[in-house]
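Okay, so chain A shows up in both of these, paired with chain B first and chain C after.
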Partner chain A sequence: MISLANLARPFARERMERQAPAFLLAAAIMIYAVTALSLGLTRFLTPEAAISILNRSIALGMTAAGQTFAILVASIDLSVAHLISASAVLASVIMNGEPSMIIPAILASMTLGVVVGTLNGLLITKLEVNPLIATLGMSLVIQGCLASFYTSFSGRVPSEFQFFAYGEVSGLPFSLLVLIALVLLAWLLLRFTRFGSNIYSVGGNRDTARAAGIKTARVVVAAHIICSLCAALAGLYLASRLKSGSPWIGSEGAYDLESIAVVVIGGTVLSGGRGGIWGTTAGVVIFSLIDSIFNLAGIDAFAKQVMRGIIIVAAVAFYAVRSKRMVA
Partner chain B sequence: MTEKTVEMTEASLFPGKRRLPQVNPVYFVLAALLCAIALSNPNFLEPPGYLNFLKRAAPLAILAAGQIYVIVSGGFDLSVGSVITLTVVGSSMLLDNNDDATWWVILVMFAIGAAVGLINGLVVSYLRVPSLIATLGMMITLNGAAFMWSSGSPRGYLPDTFRFFGRYNIKGMPLIQFLPVALIVLVVVGIALFWLMHRTNLGRLLHAIGDNPRAAQMSGVPVERIRIFAFVISSLSGVTAGILLGGFAGVSTDVGTGYELQAITATVIGGAQLLGGRGSVPASIAGALTLAAIFTLLNFIGLPKPTRDVVQGLILIVAVVLATYRRNRAGGR
Partner chain C sequence: MSGPAPAIEMRGISKSFTGVKALRDVGFDCAPGEVHALAGENGAGKSTLMKVLSGVYRPDAGTIAINGIEHHFKHPMDALQAGISIIYQEFSLLPERTVAQNIFLGREPTRYGIVDQKVMDIEARRVIALFGPSHHIKPDTVVSDLDVASQQLVEIAKAVSLNAKVIVMDEPTAALNDAECEVLFDLVETLKKSGVAVIYITHRMREITRLADRVTVLKDGAVAVSFDAVPAPDVIVHAMVGRDIGDYYAPAALQEEIGLTMLAVRGAGNDRLNDISFDLRAGEIAGFAGLQGAGRVALAMALFGASPFTRGEVSLAGRPALFRNPREAIRAGIGLLPGDRKAEALVLMQSVSDNGMLTARSLSPVTGSDRKTPFVSDQEMNRLLEQVDVRAADYAHEIKNLSGGNQQKAIVARWLALNPKLLIFIEPTRGIDVNAKAGIYHLMRDLARKGTAIMMVSSDLPEVLGTADRIFVMRSGELAGEFPRGVSEAQVMLAATGEITTKPEAA
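The block that comes next holds the complex of A and B.
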């Protein structure tokens, strides 16, 4: 029964899965270009326009880069949105307009990220709580703690720190460079380190990974710490961009669900073990392109939302439909 | 590991020495919470006290009873909150303050709900999109649709004939003075869903595909159809909850926000296993009542809303930790 053709088919399917994000990205770019051309808006086809499109989803990109790690180990993180708010508020309150407090503020945000990530990871590995529930609970706790202290814009970001969101280095926005560096770092980590391959093994099959001598719990906790750190970084960026910390910035942007949607559109499988950072990057760009296309075409905000929902499902269906895997 | 094996052999060697039939701990928790409420507020023991409590908890309980169908079959339904919003906003738009239209508007809403569930189920079953993403997309879409339908500013009024289900109390009942219609709806829906899940073949098939979809498929279970059915039930429960909520909440575009997570929380408190194979309708309803009781209690104690969020988060985690502990100790999977 085992013929070469039978053996080859799963690989072909997997290749398809890997290339799907590139297809989707190409399609999105083409639709964008066609829309711009047909409306005679050629000024939206310049490199500057491309940068401004990318610049629109820096926070989503950072969050999604971290979410990729969580989903790769077959986990998920729903607490990122409120963590983003908490990090933004914490940083901006500590800074409070003082340039000298920038470093302590950044450190405090990062510490918060490490603490939340560690707690998430320990809940999931040691107490065996379903990741969805663990991070949802964590999300409620963070939101509650934050809302009992801060109900509106708090603190002030000194102009030096606003460089993060508004500064430019040789014509490129600084924040975009940070995001690119983050993506490259994530790629190096996933592709070339033992930790990276451990992530794929643990996500693929936790029991097998454990049997192979990988300390699976540590890998999952580390993935969650990375995820939370990225969210904390996104919070810093948003604080810098709004010049103050807003306790609802994360939930308003729906960064929890959006980052998951982006990662999945990028071809990372929710059941873990397959996918990667480049797919996520493609997913983020696809998302900002979709937004830009709607803006070009002048579609109203509500219809935009409706189409967005349909597009998320359609994009995932685009390659999921071929898989013979059972989904739930 | 070894301990577990020993335990299992012991149980099989001495069937007479098995543990007492296990009662889902959610019922004890619920009872304890109700006692606590009664202690902190004696009015709760009067019929108006507990009947109003049940009335307010009815939408969430119905939602949880529907959600458990999807959870048991191994998925999630994140779209129910937006189904509630669409029901409330859509009814107010369709009714347009016209009392006579109530019945057909309710029928239209159930039809929309069935269509939503059907689409969710088809997308999950045939397009193989994970239910988390499929219903998330549906949630975004429906919220947008509710906005579009009402052009962003829904009219703040529903006629009394529509609000009858959520708001009206049947007066002059013996013993309990009055009986909220919402409670009757809850009991009817609860019994129907209980019967369907625990007394029919369909319910067994639901459990089977949630436990092991591959095995279920190989033994001839029509996995796709059953799964679609689960999503339809969940959406219909969303419409029912929406009609009740329309009775006591105002018309706005965020009536349903957060209900999907509360419903999932309720089923989890009721001991359901996420990703399928385990769960019960009465326990989910008890879970919803537990959640409502916790909120009521925190309200009595006078904790502000943010603190309530923290408590809800902690309870959610603790409930799952305990469930996992129990399952591990019992040697289940």
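The block that comes next holds the complex of A and C.
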């Protein structure tokens, strides 16, 4: 009798690959610490400094959490940036300084997220439009609608709602707590529920998932709804932070491409089925750290952008070499 | 038939696609604890029949009964729920998920909405344990970390866990080496003992002889013959092909056809290969046998410059031939026909003639005409395609519509345009049906007669023994033996496994 155990190939390499985001994160933290120390800026190594670094990436973190779902089902969402703007403007206009309108405004933004996500999902699953094109089209539609009604800051956020961006709970920023809760929720969903299993299955191989009786279209639509809801939430946060809705806040922050970039840096493959929320979280923190490192070192914004570009490509190349599979 | 009532009984199944009769009045049954082999050439209707059985297609006529109860499947899920599982050639596993997650794909047990990992773990362990103590697969192993045989075990475990009463295996050994095949055969025996009806689709006579209780041969969409006991292999082949297999393999090279030394390898090696020395003469076909991973493909890739030798000497027609990349090797007169045609050899969306021109164009100046290269013009290419008997309605049509055999011949034409000194065939007839295989063997012989040296790497041992003038056996990256034509399968297997002292029927 031949033992299968002897035939199993060693998989130390694969394990390394799965932990790669953690290594990248550790490297980024080290570079940050070394930079701060060498410049004698030890005040940037305190817990407060850490919180401030994290606090800079709340909106990106929220968007990327959602984008992770879209990419895990082998889709992608380019409409998040303009959806963020639309959500911010919508909420701000509805509130218009009235504390009593906070709840309706939040509900309206969330509804917008559900509608956009559903449309994206249906375009991709029912009309079989390539996700890049479907969400790019959706993005243009949202931008057009928004631009025809609003051209500058619109509405006003009541001070009560500004708690979202500026409030603190036992010393921690409220918005950071919301992001942490969102990440934990996403983790629970992906790791422990059947829906999470279905996400990985559909992303891994749609035909296999369908043959196993999974309603794949529903899973894809649900992933897009989650993605759009997260973007709508990011819009609410940005409205709270700017105290008003700006119709260009999403595209200015380049949340579409940046959210995809951090998901990919976090080890989630664009072909779907592999990766997860912790990688994305690492990716977001890595991005914030890069910003902070450049700020500490006093390097100008254009060089920073070049470095970001190099780091994204290097990270993806790193995974590609590691896994010798189609990564991106 | 005698014995227990059939677990599955298909009667009078007919199915047409846009006027073409794919199945005509086919009857097929399989009893619990029985292995019923389904044989037939590609296109004979085996897959269509199984797709009817699994609910993918609905038959135009005929009935399907499970344990005597008639079923009408509207959807593959219906068949699955009725206890029919199909294990396809290409596994339907998710490589990035664990063994347990794959076994429970789409039906994960939950408690309060949370996936119950413990239950999945226990059930996965239970099902895997059914296949004996030697299969140590942990439920939390990621499938891509398993070898192919273990993956297949997971696939079968999934079917067993679904309480499948009928398991269809569609050419399950296609991706397995000999050791892994043995594992699979054990699994099939286990399934049989536990009362599962196994429908086993295969081309390979050895597997039918070894496993099957009954054999049914399909030809042109109808049952050609059904044997209640397994007859001699040539009887089955005769039924499949509709002719004798006397001229199946091409004749050996005559003494005067073998020319001077074309390729000489001395003490060559790299990280996969060690101390390789052999000669190949013009006009001969050298077969390379060995287990999966023995280094046969690595040797081909080293000669072709794809993963070069790092030491030793190689000469081709008297000139040094240690190539660093395929382009150098091709320029010097080496051609290679890869094992995975679709992935490595063809541009599926381009025409037959474009595929033929591919290498000639790549070696020509980029500014030249694409219809006329220094090696061949497109008219000459079309003549070459005709010469090697590529059958297509029009060579300007996409090559993806051609059969495997015709695609392979088109790749031969691609190399012929360059007048190669050495042609390396890797798994030359993989996925090609029986009749077309004979065509490939005869084509290889014709090329050899014209003075080309041919190196053939194949996992199909009868094919190596039937075609090659000399047989080299590889083991662990080294040449383990060289045999003349006429060597027995057993001798080759002993050299390949290194078990010279064990009993000969181990092959």
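Keep this in mind: the second predicted complex is superposed on the first by the 311 of 328 C-alpha atoms of A that agree within 3 Å, B and C clash if a C-alpha of one lies under 4 Å from a C-alpha of the other, contacts with A are read in each partner's own complex, and residues count from 1 in each chain.
Heads up, the rule we're going with is that a contact is a pair of C-beta atoms (placed from the backbone, for glycine too) under 8 Å apart; a residue touches a chain by one contact, two chains touch by 3 or more.
Remember, predicted model here, so these are calculated numbers, not experimental data.
Undergrad: By the touch definition at the top of the document, which applies to A:A209: first (chain B), second (chain C), both, or neither?
TA: A:A209 sits against chain C, while chain B stays out of touch.
Undergrad: Output check: A:L132 vs chain B and chain C. Expected answer is one of first, second, both, neither. What do you get?
TA: First partner only, chain B.
Undergrad: Is A:R43 in contact with chain B, with chain C, with both, or with neither (first, second, both, neither)?
TA: After superposition on chain A, A:R43 lies in contact with neither partner.
Undergrad: Check the contacts made with chain A and report whether chain B or chain C touches more of its residues.
TA: So, of the two partners, B touches more residues of chain A.
Undergrad: If we overlay the two complexes on their shared chain A, which of chain B and chain C does A:A147 touch? Say first, second, both or neither.
TA: A:A147 sits against chain B, while chain C stays out of touch.
Undergrad: Mind working out whether A:R274 is in touch with chain B, chain C, both or neither, as first, second, both or neither?
TA: A:R274: touches chain C, not chain B.
Undergrad: With the two complexes superposed on chain A, say which partner A:R194 touches: chain B (first), chain C (second), both, or neither.
TA: second
Undergrad: What is the contact status of A:R308 with respect to chain B (first) and chain C (second): first, second, both, or neither?
TA: first
Undergrad: Can you list the residues on chain C that touch chain A in the complex?
TA: Answer in residue numbers: 76-77, 80, 92-97, 101, 105-108, 110, 113-115, 132, 134-137, 142, 144-147, 149-150, 153, 179-180, 182-183, 186.
Undergrad: If we count contacts the way the header does, which residues on chain A are in touch with chain C in the complex?
TA: Going by the criterion above, the answer is residues 1-5, 7-9, 11, 14, 192-194, 196-198, 200-201, 204-205, 207-209, 211-214, 273-274.
Undergrad: Using the touch definition from the top, list the residues of chain A that touch chain B in their complex.
TA: 123, 127-130, 132-134, 136-141, 143-148, 257, 260-261, 264, 270, 301-310, 312-313, 316-317, 320-321, 323, 325-328
Undergrad: For chain B, which residues are in contact with chain A within the complex?
TA: Within the complex, chain B contacts chain A at residues 73-76, 123-124, 126-134, 136-145, 147-148, 151-152, 210, 213-214, 217, 223, 261, 265, 268, 274-276, 304-314, 316-317, 320-321, 324, 328.
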